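Going by the order they are written in, the chains are A, B, C and D; count residues from 1 in each one.
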Amino acid sequence: MVHSSSSAKHPWRARLYRQLEPGAWPDQGLSPANRWICALITVAVLVALLETEPAIRVGREPWFVAFEWVVGAIFLLEYLIRAWVAVEGARYAHPVWGRLRYLGSFAAVVDLLAILPLFLGLVGMEALFMRLIRVLRILRLARLGRFSKALRELGHAVRLRQFELYVSFGLAFLVLLTSSIMLYLLEGGVQPEAFGSVLRSMWWSVATLTTVGYGDVYPVTGLGRFFAALTALSGIGIIAMPTGIMAAAFSEAMQKNRREKD
Amino acid sequence: MVHSSSSAKHPWRARLYRQLEPGAWPDQGLSPANRWICALITVAVLVALLETEPAIRVGREPWFVAFEWVVGAIFLLEYLIRAWVAVEGARYAHPVWGRLRYLGSFAAVVDLLAILPLFLGLVGMEALFMRLIRVLRILRLARLGRFSKALRELGHAVRLRQFELYVSFGLAFLVLLTSSIMLYLLEGGVQPEAFGSVLRSMWWSVATLTTVGYGDVYPVTGLGRFFAALTALSGIGIIAMPTGIMAAAFSEAMQKNRREKD
Amino acid sequence: MVHSSSSAKHPWRARLYRQLEPGAWPDQGLSPANRWICALITVAVLVALLETEPAIRVGREPWFVAFEWVVGAIFLLEYLIRAWVAVEGARYAHPVWGRLRYLGSFAAVVDLLAILPLFLGLVGMEALFMRLIRVLRILRLARLGRFSKALRELGHAVRLRQFELYVSFGLAFLVLLTSSIMLYLLEGGVQPEAFGSVLRSMWWSVATLTTVGYGDVYPVTGLGRFFAALTALSGIGIIAMPTGIMAAAFSEAMQKNRREKD
Amino acid sequence: MVHSSSSAKHPWRARLYRQLEPGAWPDQGLSPANRWICALITVAVLVALLETEPAIRVGREPWFVAFEWVVGAIFLLEYLIRAWVAVEGARYAHPVWGRLRYLGSFAAVVDLLAILPLFLGLVGMEALFMRLIRVLRILRLARLGRFSKALRELGHAVRLRQFELYVSFGLAFLVLLTSSIMLYLLEGGVQPEAFGSVLRSMWWSVATLTTVGYGDVYPVTGLGRFFAALTALSGIGIIAMPTGIMAAAFSEAMQKNRREKD
């Protein structure tokens, strides 16, 4: 990435830019600043997870509010600094339009969304949705440095095999449909609550074909059990296909990644 | 495919033929007309699935009947047009006998069966059976274009390994039989409802060997649990075999397909 | 196999010998006589399975007894004929000692055990045990012809990798032991019936590590669930090992079999 | 390993050292003495497992106490002999400091911890914790001889792929988090006990993604079941990755081991 010539005039801004912009960091991996931000995001996500648990939250609300304010303030500060140093990059070199264009970039919008929950108040569901965006923010940093390349190659390998995946998912869907229709016909009369429509049978079918088998619904008639057994057995073959394709794509992408690293 | 010389005299029929007969379409993939038919079949199948759900159907029956009539009319029209244009193909060139032979072909019979539910009335089970044939109709179109080749190769790859599959299914059946007999002997006295015969034990055995594990039946005695644990553990090895064979066959067929495409 | 010179004097005995002794049949696969015997054994096993089901047996006992007598008589006749023709083989050529040595061979003893249930009466468990031997008899014939080679190679391939299997089973057992001890410590106090000893915890551990998950027992405390989740996740890795080894051994044996067949 | 020259003066000590120190045993595998110790440890662990079961323990306490004393005495004797013969090794050659340094080595501390339960009395939990260390002791011996090399190579192969494992575990965790959040949002209101927080939803998520599927908690709303089905299906892909990586690493390590053995 080419940097604007202004870095000589703003040594501090240039230094911060190298710390915050993963692409500008000269060494392998993430800069210390980005490591701390990653750690803080992880902690904030963990706290947000714990906060949803009533047994943990009740009686400790003030602590969670305080933590939220501290984290929000740090994220806001980081957001402003990122906007200030953005002009160091060749893409956003213009002092005004460059910064505005930076603020409109996907990464900056995600950053802003991650600060918002603070101002929305900590009201239940909406706040949780915002915390979800904080999770996205981890992904944003995870995209960078060494990670990004591995994931990009994995995505590429999966895309190369997308036709295989379509065929295998198509076959899996047909087996799912067939077994749902069979169980609907055979068990629908006896257990209308569980198998009274093809849609309801599908819940059982997915649980059986993926071998999860909750056991909340299961056939009770002889023929129903016979076709359920066939479904469970055919599920092995059907599931083997996407598994094999995904595993091969993954191992291929990783070998390529390692070969290039050497 | 060689086309009859009559196409010059019937430019519209020839054009429709190219649109409807997948083999006659000069480009890759499906023609626009066949794409619309595919989409309509998919929608009709989805509606048929939703219609089985009482929570969706009750109170909306007129809408479903109207939809059924519209879809039925379109399929009937398509069926008649296909019969009219069939003579464009070299195989069915004779104006009378060619069309009759076309109507007797597998694809045309499936098409006719897909229209029938309309005239049978929408009476429960029978209609559902007919809708199942509409699902088959998707397969008929899916057979064509790019899909058909991939599936034909997959079928070929599986057939090449059919002996391996027989051996592994045979071994799996012997493990199934052995564990059913053991559990029948060990748990049959304590839980006659669940393990009172080898057939009944098989329901448990299939659920355990496929690792579905509904949990509706399970051993309660010490020895019964010991053999159940052995069954669950040996299930891993037994299931690994068809999985490995199917995955290898699938990946082989796909690689071959890709190599030929390049 | 070298045949005794007596075959010229007993053309019928020689013909029966070729029909009954799989190694003496000149063509590929099984002789017509052995095919019929295989079919009869399969039918007898299926009937024996169905007979254990009270809903099928009750009221039809005379039919089952009659079937048992017919099958027993045929098996007895076959046993006597096999003993008579055994002297055709070079190994049992002596008219008296050869036949006695044949009767003491493993295959002949299994044959005799498969006839015994008839004379033991059809008394519950003991008869079932004898029918189990009839299942072994299927295996005895399955050993022959084309099957035997494939299974022998599979056994050889598995034996080649026995050290890998020992290591992976050892690791699996250590994970099983560790998770059982953890759950015993964490859940034993709350659910003494399900986790009150390491042995009892093992039932849960096997169900979890094999991903069967009956759901008859499961942790309820927070820490218990945390370690249960770790167990379920580590189960994936542990199970991957024997699966991979077995699948590789199987596919290797099959490829070798196919290469030799070409 | 270089041995001190004192072995000529203490032929018995040198002989015991060769028997007890796996690295000093000239032949393949373990020495007879170490085999007996391995067997005794296995028996002691099995007895400790059985002792946790009340149905076995109650009424037989004196036998277990006696067994514990015998085992403890043998282990104590072995510990003292090991300390006495340690000076035969070049690393611990000094008669006083060498022995003290040996007693501070990891293996010797584990040995001592395995004797302690005897003197702690056999009081419930603490004793069990000590028995756990006896399990570790098996590992210590299992590390040696032929095993150690295979496990070291397996560990090396896994470490070579640690980046792949991190990526796949990261992806698995993101799917786990996403499905937990979705189910929390969709089912939390209806089933607060099971899905009332993201932490609680995670218990369900782990059981579903690993396809264990206990069935103690499961979604009941339409949308909840739809996302549960997506979770179960995506679990197949997510689980395929570490499985593939681990299986490949294991088979690689084993092939390398076999090649070197030839």
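In this text, contacts are C-beta pairs under 8 Å (C-beta built on N, C-alpha and C of every residue); 3 or more make two chains touch, one makes a residue touch a chain.
All values derive from a computational prediction rather than experimental measurement.
In this assembly, the chain whose C-alpha centre lies farthest from chain A is C.
Taking shared numbers over all numbers used, the chain C to chain D interface scores under half, which places it in the different class.
Centres computed as Cα averages put chain A at a distance of 47 Å from chain C. Put simply, the C-alpha centre of chain A and that of chain D have 33 angstrom between them.
For chain D, residues that reach two or more other chains under the stated contact definition are 207, 211-215, 239, 243-244, 248. Residue ranges on chain A touching chain D, taken from their complex, read 49-50, 52-54, 125, 128, 132, 135, 139, 142, 147, 150-151, 154, 202-203, 206-207, 210-216, 239, 242-244, 246-248, 250-251, 254. Residues 161, 163-164, 167-168, 170, 174, 177, 181, 184-185, 196-200, 207-208, 211-215, 218, 225, 228-229, 232-233, 235-237, 239-241, 243-245, 248 of chain B are the ones that touch chain C when the two sit in their complex.
Per the touch definition, chain A reaches chain C in the complex via residues 211-215.
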